[in-house]
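Working notes for the structure below.
Chain nomenclature is as follows: A, B, C, D and E, assigned in order of appearance, with residue numbering initiated at 1 for each chain independently.
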């Protein structure tokens, strides 16, 4: 009886947002208030539904069943294990807070009627990716999310937005086709693409390598991995800030999630090691980390800098996969948590500033911290976490990752982590310092800062504050729920069921 | 030598093939549409010739039953098919000609190349 | 072996076909084509297919020629 | 072609051509010919008439309405005869199998339904040819053909 | 009685087609109902035939009761019924749409002629699908060629007339090739019935190998011209883009495919398998299909005219079907045949949607379509569904056929063709997506000053087709079962 309810939950979690997005679409013509309320309610209910799976999942159970078959051996299936749950939980949590934030943010923007249904629809498809039971289902939701989020990217409909959106779309199609190729190769080699099989391809071969490569292209595209990251710094800054928080904070993680599934479920650790593909991943990860951090340094647009920072941070996550040991995996999953929280905080804070002042250039932000202390405080907290200052969650994930690197016998990676932390410091700290301690330079800069600026509205500040505090909370105690989930997920990936 | 004998023995096929090539060539290379249609007719008749000569039995009679059996008859099936074929060819010809007349009314020419030039000029 | 009549008729067909393809005056081409059809009808009669011969004479030589001439009279004569 | 000789001769010849056309249609199963050839012969008689008098006179004899009615009618007639085969418990276009008496070979009604089929085809072909001729030579703008 | 159903469908459509001109004279209002009613009956009968052969298996029908060596035979198997369903369903939807659309595209006097030719086209296509006789096949092919030229030239526009005469001449060339091939086959086997020819050919292959090879080549060229296989496609863009929209939809959606199906029937049911070892005809088809897929997509990218772009896209899509034929042996043929239905749905829908846009605004140029999605959300929504399906986004039917084509290529260990499929999908995306983006986002200017409301009767078929694309994207099982039965030769 109880398990029947849990079996129902994943479908509910995915279908509920889809359903609600239709209702919101219809209702948004009538009443803006109702539309906003419904959006938040949907996000909250979805989060609670995901959270309701916790007791079942934490006890080591896996929810897995087939909804219906499209083709023989190929159907819409659902599978929730501890990794899926972790990512679904963080995604719906951040979504919930961003939805609250969006209400006021979108009140000044055009096209809220379009934004909210799409926003909720994307939630459903993202959760669908995390809860997919096989690669085919995953692929469907992946494409759905990618195509739908195009509307979020170009929401402003400016020239740059459309150009960035076009780039994004083309890259998405390429990624989708690569994924299609990979899935079809896997299906041909293994006769199944289900995640339940454990390992689908048991030995490296030329075709298997092509499959791996195509998976890498498909998921790496979304994750912003090095040669394929080109769309990311264009697309994220042009989106409305809440949307960029989700794009950077959550949707990038779908790519990382896919890569984890590929390494552990399509292949397995020994196959990857035997074929030496981990080296390929590692090299790409290192380049991604260094490149992302270095280029972020040269950007003057606040959101662009954050976007490049995301590229660097995704490098950590790919590195965690490449290291192929349990410790690194703990750090990896935990970094997914941390980065989701940190980057959303940063983007939301940046959004609040832009919303209030209209300033995007970093040089114009002198003294903003005095006008908007809470926002900038949250920004500072998240930025420090990014750099890896000890009591914050960023430190914990980097530390664990570093331990993993050492365990893998690759201290070189630790050096890379340190260098990148340094670079993070170099591009985040000046913003903070200027914001709090910089004069207002009324003569040269800051036409906008000069005018009276106070904090953004409460509906915007509270989500930012909650996110920032959770950065702090998850870092302070090493035994928090997120870390525990990471440990369990890593052990699950390496050892199977406990 | 053997080839020549073979050809001489199958001279209907040979003639049909030559006519087919002439018709095909006329159809493809002439830009005048009426010439194309004539070429199409030549091509069709050549195939009919080929078809009928397949069914031809040397010394056979036309397949009409008469008193006192025992004649050698020519295979009637190809003839029946060719009748249909001729009617189809005439319909296509008639239809094509009516289109050509209309085309001439619109373009003032029935030369495919000239029409292409006129169209290219229009599009520019 | 090939009979003289066959040879003459077939050669006539081929010559007609070539002339039709080469000639520039369309009316002449159509008339030669009519002759071609009539000879073709004779060939079919010789091949033991009188019904086709008849149809060809009526349709190929008769109606088709009328149609061609009608079409040419509404367009122009020279190629 | 307003020539008295031509007019007189064609006025004289046309009925005979038509009669021959009908003969070819109806004796299609006994001697060379059939619906196609006979229909064309009938049509050419009408075309001859139209050419030797003038087009208006020709189309007055067989108007557009009538010829298009005959066109459709001929085809539908053919299909109805075909369907009779099914009605009599055999296949479409069935002849002997449907129990149609085949008569004595050599007689006019010896082909079962072929006689009727030929009639349909002849009407259809003749009217189609005539329509085509008028629409090509006259100013009528009827697009499309059928067979 | 039900065993007569196949021939009754053809007879019904023919009878309706000849009744329409008569009705036009006496009861003009009845022409359209008769057309639609006969197509509905044909559709229902096709479904019933599907049930029937499910119960009693494939069966033959002898015209006039004459057994095969003399009589004409109809062979009703799953392939035929599959095509019957495709033709009658799409044909029905298109003519429902056309009822209103044609009023502004062609003159009222020729309207009944249009219905006549349309029904004739449907009847001949169904005949091609059903017939088991080579010469009969040729006759139906000719009728369909004339009828399809007719529905192009029904529009009294110089473009249309030119396009249709180009089509007519090339198609006559193709018919000539087909007839010559039929003659050659008849010459060496003495039979025209598919089964009898198939039985005689293995023996004949030893005696007259060249004749058979030439016949095969002529068939491929003949049907290749008619179905616009790549280097023989030159007539298609003009014909399909200038024709009235319902004609374009039917021509791109159905007509070019029925010839491919005829070729499938000949290749796999008539010719002996040994011939594929003797000459690499399948490889030639495969090679041409690769060119078709790539060239069609690339040409489509540089077009300004909406319908012209769709026409070039058809060339690429017919390439997929031929790729399925060329990759015979694995699951690729399943994909190719599935694509017949899927592409029929998507392309007719896209052409009809384009027709709706032209109807409402008169715009054909892609550059002027900016912002049209705001004015016509349903139409452009359907267009977007079609475009997604063209690209092969999962959840649309286009994905399913690509999936099977790719699997088939891998079955034969030829990943190269998977890459080609993916590359062309990418190209599809590059030329379809900007249209959708421009239609919905970006420009806020109102592009159209005069705007005509679209009647619901025109919109409904488009939406039904769009729903079909999505439905068969998620639930392709019935279709797949049918196709799998259809290709078990």
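Heads up, the rule we're going with is that a residue touches a chain if its C-beta (ideal position, glycine included) is under 8 Å from a C-beta of that chain, and two chains touch if they have at least 3 such contacts.
Bear in mind the structure is a predicted one, so any value in this text is a computation, not a measurement.
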Neighbouring chains shared between subunit B and subunit D, ordered by label: C, E
Interface with more contacting C-beta pairs, comparing B-C to B-E: B-C
Most distant chain from subunit E by Cα centroid: A
Cα-centroid distance, subunit A relative to subunit E, in whole angstrom: 45
Distance between the centres, which are taken as Cα means, of subunit C and subunit A, whole angstrom: 79
CA centroid of subunit C to CA centroid of subunit D, Å: 24
For subunit D, residues that touch 2 or more chains besides their own: 32, 34, 36-37, 132, 136, 141, 143-147
In subunit C, residues with contacts to at least two other chains: 50-51, 55, 59, 63, 67, 70-71, 74
Subunit E residues counted as touching two or more neighbouring chains: 143, 146, 150, 153
Interchain contacts, given as pairs of chains that touch: A-E, B-C, B-D, B-E, C-D, D-E
Contact set on subunit E toward subunit B in their complex: 70, 135, 138-139, 142-143, 145-146, 149-150, 153, 158, 161-162, 164-166, 168-169, 172-173, 175-176, 179-180, 183, 186-187, 192
Residues of subunit B that touch subunit D when the two form their complex: 62, 64-65, 83-84, 86-88, 91, 94-95, 97-98, 101-102
In the complex with subunit D, residue positions of subunit C that touch it: 50-51, 53-55, 58-59, 62-63, 66-67, 70-71, 73-74
Contact footprint of subunit A on subunit E as seen in their complex: 388, 391-395, 400, 402-403, 406-407, 410-411, 415, 418-419, 422, 425-426, 429-430, 433-434, 437, 441-442, 444, 474-477, 480
For the subunit B and subunit E complex, residues of the former touching the latter: 20, 23-24, 27-28, 33, 36-37, 40, 43-44, 47, 50-51, 54, 77-78, 81, 84-85, 88, 91-92, 95-96, 99-100, 102-103, 106-107, 112, 115, 119
